[in-house]
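Down below are the structures I want you to see.
Each of the two complexes below includes chain A, the first together with chain B, the second together with chain C.
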Partner chain A sequence: MLLVNKGQFTDWLNQLIQVYQVYAPVKEDDYFCFKKINSGDQVTLNYTNSKVPPKEVLFPRSEKLFCYRYENGGVQLTEQIDESKKIIVGLRPCDAKSFLLLDGVFNSDKYHDPYYLTRRNNTVLVGLGCNQPAATCFCTSLGGGPFATEGLDLLLVDIGDRYVVEVLTDRGRELLSGLELPAADQEAQEAARRVKEGAALSTQVNLEGLKSKLDVIFYDPIWDLIHEKCLGCAACTYTCPTCHCFDIVDEAEGNEGCRIRNWDACMFPLFTLHGSGHNPRPTGKERFRQRVMHKFKYFVDNFNAIACVGCGRCIINCPVNLDIREVLAEIQGSEVRSDKQ
Partner chain B sequence: MNELTRAIQETAQKLLQNKEVELVVGFAEGSLPLRNTPCFVRQPEEAQRLVWGYGCENNLANYLRKRPEKVAVVAKGCDSRSIVELIKENQIDRDKLVVIGVPCRGTIDRKKVTRLLAGKELLKAEVRDGQVVLIGKEFGETVPLEQLLYDTCLNCQHPNPVLFDIMMGEPVPVKETECFADVANFETKTPAEKRAYLMQELSRCIRCYACRQACPMCFCEECFVDCSMPQWLSKSSLNVQDNVFFQAVRALHLAGRCVDCGACDRACPMGIDLRTLTRKMVKDVQELFGYTAGVSLDLKPPLAAPINTTSPATFNQDGR
Partner chain C sequence: MKNPYLPLPMRLVKNFVETEDKLIHTFTLEFLNEEDEKLFQYLPGQFAEVSVFGVGEAPFGIASSPTEPGHLKFSVAKVGVVTTTLHQLPEGTVLGVRGPLGNNYPIEEFKGKNLVVIGGGFAFTTLRSLITYILHPDHRGDYGELTVIYGARNPGLLLYKDELAEWEKRPDINLVCTIDRPVEGWNGRVGFVPTVTKEVAPSAENAYAVICGPPVMIKFTMPVLEELGFAPEQIIMSLENRMKCGIGMCGRCNVGNKYVCKDGPIFTRAQLNQLPNEY
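For the complex of A and B:
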């Protein structure tokens, strides 16, 4: 464990900007988002969590995959792989964990996504522990924690005027080279321990047996009512650190165009609309069931992990206060009946 | 408020018991402070879940289109106005709807609370005698309610439902004159400045379409943004201009239909100012056609009426 004072930390960010694209929480309107910074002064680390998760750094809302141009009877292609070196500074442990889940999707046995993976491999993650988790946080129910280190290269623990730096990987160590930080003394270590102890979560979600329940309730009447107030927007999915569905479109004009990948959401009717006009998920019921099933059953089937990190963004951002904690509690509280169509 | 809650519960229970309706749409306690949440009640004994409070910010008219069953809805002023427009647009069958009218004292803007608390987390809140008590870890603050209400509510001319079958409680006082001071600033901007303002606001748009989905009047079977043949605008968010185009078309499509309930603005997770656009349009519609949406079942919406292309001057004050 090392020690860095906050002024020195800002200087360090300014040094890093010379070499890396540095993304960090920046205040925008009434919230924070991860933005590419030009100066360490732009960063606010005294925040609860960002509005949009830092997944957008590695998996942007919209990204060009390649561009094309018809020329002399042929087609010229230009691939758009982003090979820049990046650092995400100040991300929360839940968001760091979300990258491990996204890795499963974009780097599986069946499929390697060069766009995501190139960025991922070129990105160093400098996390920030949560001294004061929000009332909507439930990361501990999902195996995470306010100071969990999984997925991070460095973890900062805010002890007032200084950060205790936990070095977790060689990449993290490399990032600090040239800084010559002192080791955290007894007093700083003690302060860090106290901060960690004080960061208790008030919300727990019971996930025990949920998967086996979801395994058999696809046709259960519970889905008829549980989605009823859902408006069918994508506020939950687009602010979710683990949602990763996308849509690919060609945008062309004249002889040239680009193939673009955009975020997509299972809550939209268009998401599953077939060319024939048939829609296998015709109403909010099927779409909401899909969202719950994908996170808490299908992802478990495919990757042996729940696709939720308990960040609470969907709870905060839902325009009708459809709270995932209540949805899960309702499913847990319902009687299990085996599927009969 | 407690009296309104009791009255709503009793009314809902009776309607369900007597089988006058199959469903009551109202509000329940939410899971966050100062938040109520839409609630669907089908059994008389479940009517006790219904409440009324300063967090009843959603426009429940959104849940009433094309329903097969007989429904009762808890409606404040703006909800009732959307219901009026939806009846005129044949989206709601008046004979299958019971409107439980609630005089509305406004709803609380949680963004204003967030701004006020400047980073401190709100854990509990209570509204008492025109004061809001905000409680968090190691703090307690009392703020006048007026300071925390939505701008829409502060400007509202129709807090009492314009259409109802049963009224809960006494009507609340109505502000005397419609005031568009809030759009005056936008109006004084040059076209270039307006454009710059909208571009800046909509640069934050993530295309989640919460604004569209929260609007009771946005019910096109295929929204123009989803259409791919022809593709009217880019599906990507690489170009902010397309976000502006989306909102501009949305606002114009709501001309003469928007009741200025503010649902779109509230739904936006990114806090984008959508209301300047819609409110400016509400003002324009009033000035051009003398029409205020949702105040009367008899008045024809100005932009739905047949237009006499040879002599546009024949529009009268009511826009007919």
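For the complex of A and C:
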């Protein structure tokens, strides 16, 4: 464990900006978001969590896949792969864990998504532990924690005027080379320990046996009620660090243009609408069921992990207070009938 | 890293009006670069994403067979933006193709077995690929009897009429075409596919049934196949769902924990029985 004071930390960010694209939490109106910074002064690390998760650094809301141009009787395609070196500073442990889940999707046994994976391989993750988790946080129920290190290269622990730096990977160590930080003394280590002990989460979600319930609950009448207040606005999916659905569209001007992918969401009726007019998920019921089942059953079937990190953004951002913790509790409390159509 | 989103350039060499109502066109495409054809190794049942640059791309089952080198064929109904544009394209236009995508009909497991191919309407595209593959002199000996039951609302809506006429003459395929209502000049059968399947009564012994068509046809043909003794493991189906990426990432074509694009589109009925009825 190393020690860095906060003034020195800002200087360090200014050095890193010379070599890397540095993304960090920046205050915008009354929320925070991860932005590419030009100066260490722009960063606010005294924040709870960002409105939109830092997944958008690796998987932007909108990105060009390639450009095309008709010429000489053929078509010229130009890939648009971002190979710049990046650092995400100040991301929370839950969001770091989400990258491990997204890795499974974008790096399957058969297909590799070069856009996500190139950025992923070129990005160093400097996490920030959560001294004061929010009331909506439930990361510990999902195997994470306010100071979990999974997926991170460095973890910062805020002990007032200084950060204790936990070096977790060689990539993290390299990032610090040239700084010559002192080792954390006993007093700092003690302060870090106290901070960690004080970071209690107020809610727990009982996930025991949930998977085996979801295995047989598809046709259960519970879904008729559970989705009723959902507006289908997709705020939950847009702010979810593990949601990865996207749409692909073309934009053209004259004989050239580009293919673009944009975030999309399973909560929208058009998401699954067939050309024939048939829709396999025609109402809010099927769409809400899909969201819950994908995260807590299908993803577990396919990747042996729950596609939720307990960041609580879907709870904070839901306009009708539809709380995933309550949904799961309701499913857990329901009597499971045999699953028949 | 191979980029699965980059289409291979292909030239549209034929834009053929396939059906009388003009709503289905068959497109024949040739690779612009010879080496791309070697990369594009496909089998019957697979699909591809066809790009009209500047308009978009859409997934279509490959209607040609790998035994027909030099080109790919797609039969496409006019329903949306991409397909409507496709229908209007002049021959010579350069398009893009991504693929082959998805799994194929289990042609290895079919070896030594009798095959009953049941199709309805314009869902006959990948079935044409399969039949053409099996009828090829290099392959015909590997398979047993081949029975094809193909229904359309009227004769004008049958796809690949020239080939149907040729198959009609061959001794190594039992082709039964049917239309919904009698039409003057039609000498074939009249009746819905389920009824005709019952009449033809193919044996389930040492056989596989491959069925592809509109949901209502499938719904009523299933009990007939069951009666004939086809177990769920002997019934092969091909699913369709809205798709974008075609490689299991964009998240919309799943049925339960399976992605139609990556784990399908070909499933046995036994496999589908394990999945929710959400397609």
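Everything below uses one rule, namely that the second predicted complex is superposed on the first by the 341 of 341 C-alpha atoms of A that agree within 3 Å, B and C clash if a C-alpha of one lies under 4 Å from a C-alpha of the other, contacts with A are read in each partner's own complex, and residues count from 1 in each chain.
Keep this in mind: a residue touches a chain if its C-beta (ideal position, glycine included) is under 8 Å from a C-beta of that chain, and two chains touch if they have at least 3 such contacts.
Bear in mind that the values here come from a model prediction, so they are computed numbers and not experimental data.
Q: In the superposed model on chain A, is it clash or fit for chain B and chain C?
A: Once chain A is superposed (C-alpha atoms), there is room for both chain B and chain C without a clash.
Q: Classify the contacts of A:V249 with the two partner chains as first (chain B alone), second (chain C alone), both, or neither.
A: both
Q: A:L77 in the overlay: touching chain B, chain C, both, or neither? Say first, second, both or neither.
A: In the superposed model, A:L77 contacts chain C only, not chain B.
Q: According to the stated criteria, A:P280 is in contact with first (chain B), second (chain C), both, or neither; which is it?
A: second
Q: Is A:A329 in contact with chain B, with chain C, with both, or with neither (first, second, both, neither)?
A: In the superposition, A:A329 contacts neither chain B nor chain C.
Q: Touching A:K229, do we find chain B (first), chain C (second), both, or neither?
A: first
Q: Using C-alpha centres only, what angle sits at chain A with arms pointing to chain B and chain C? Round to the nearest 10 degrees.
A: 90
Q: First (chain B), second (chain C), both or neither: which does A:S62 touch?
A: Touch partner of A:S62: chain B, not chain C.
Q: So in the superposed three-chain picture, is A:A183 touching just chain B, just chain C, both, or none of them (first/second/both/neither)?
A: neither
Q: Would you sort A:V19 into first (chain B), second (chain C), both or neither based on which partner it touches?
A: neither
Q: Across all Cα pairs of chain B and chain C, what is the smallest distance in the superposition, given in whole Å?
A: The answer is 5 Å, the least C-alpha separation in the overlay.
Q: Name the residues of chain A shared by its contacts with chain B and its contacts with chain C.
A: In the superposed arrangement, which is not itself an observed complex, chain A uses residues 247, 249, 251 for both chain B and chain C.
Q: Spell out the part of chain B that touches chain A in their complex, as residue ranges.
A: My answer: residues 30-32, 35-40, 58, 62-63, 111, 114-115, 119, 121, 123, 137, 204, 206-210, 212-214, 226, 228, 231, 234-238, 266-267, 269-271.
Q: Report the residues of chain C in contact with chain A in the complex, numbered from low to high.
A: Per the touch definition, chain C meets chain A at residues 1-7, 9, 32, 51, 53-58, 77, 79-80, 83, 94, 96, 215, 240-242, 244-245, 247-257, 262, 276-279.
Q: Which residues of chain A touch chain B once you look at their complex with the stated criterion?
A: Against chain B, chain A makes touches at 28-31, 46-48, 51-52, 61-62, 64, 132, 134-136, 225, 228-229, 231-235, 237-239, 247, 249, 251, 260, 262-263, 265, 268, 270, 315-317, 319-323, 325-326.
Q: In the complex of these two chains, what residues of chain A are touching chain C?
A: Per the stated touch rule, the residues are 65-66, 68, 70, 73-75, 77, 79, 81, 105-106, 108, 110-115, 117-118, 218-219, 244-252, 257, 259, 261, 264, 266, 271-276, 278, 280-281, 286, 290, 293-294, 297-298, 301-302, 341.
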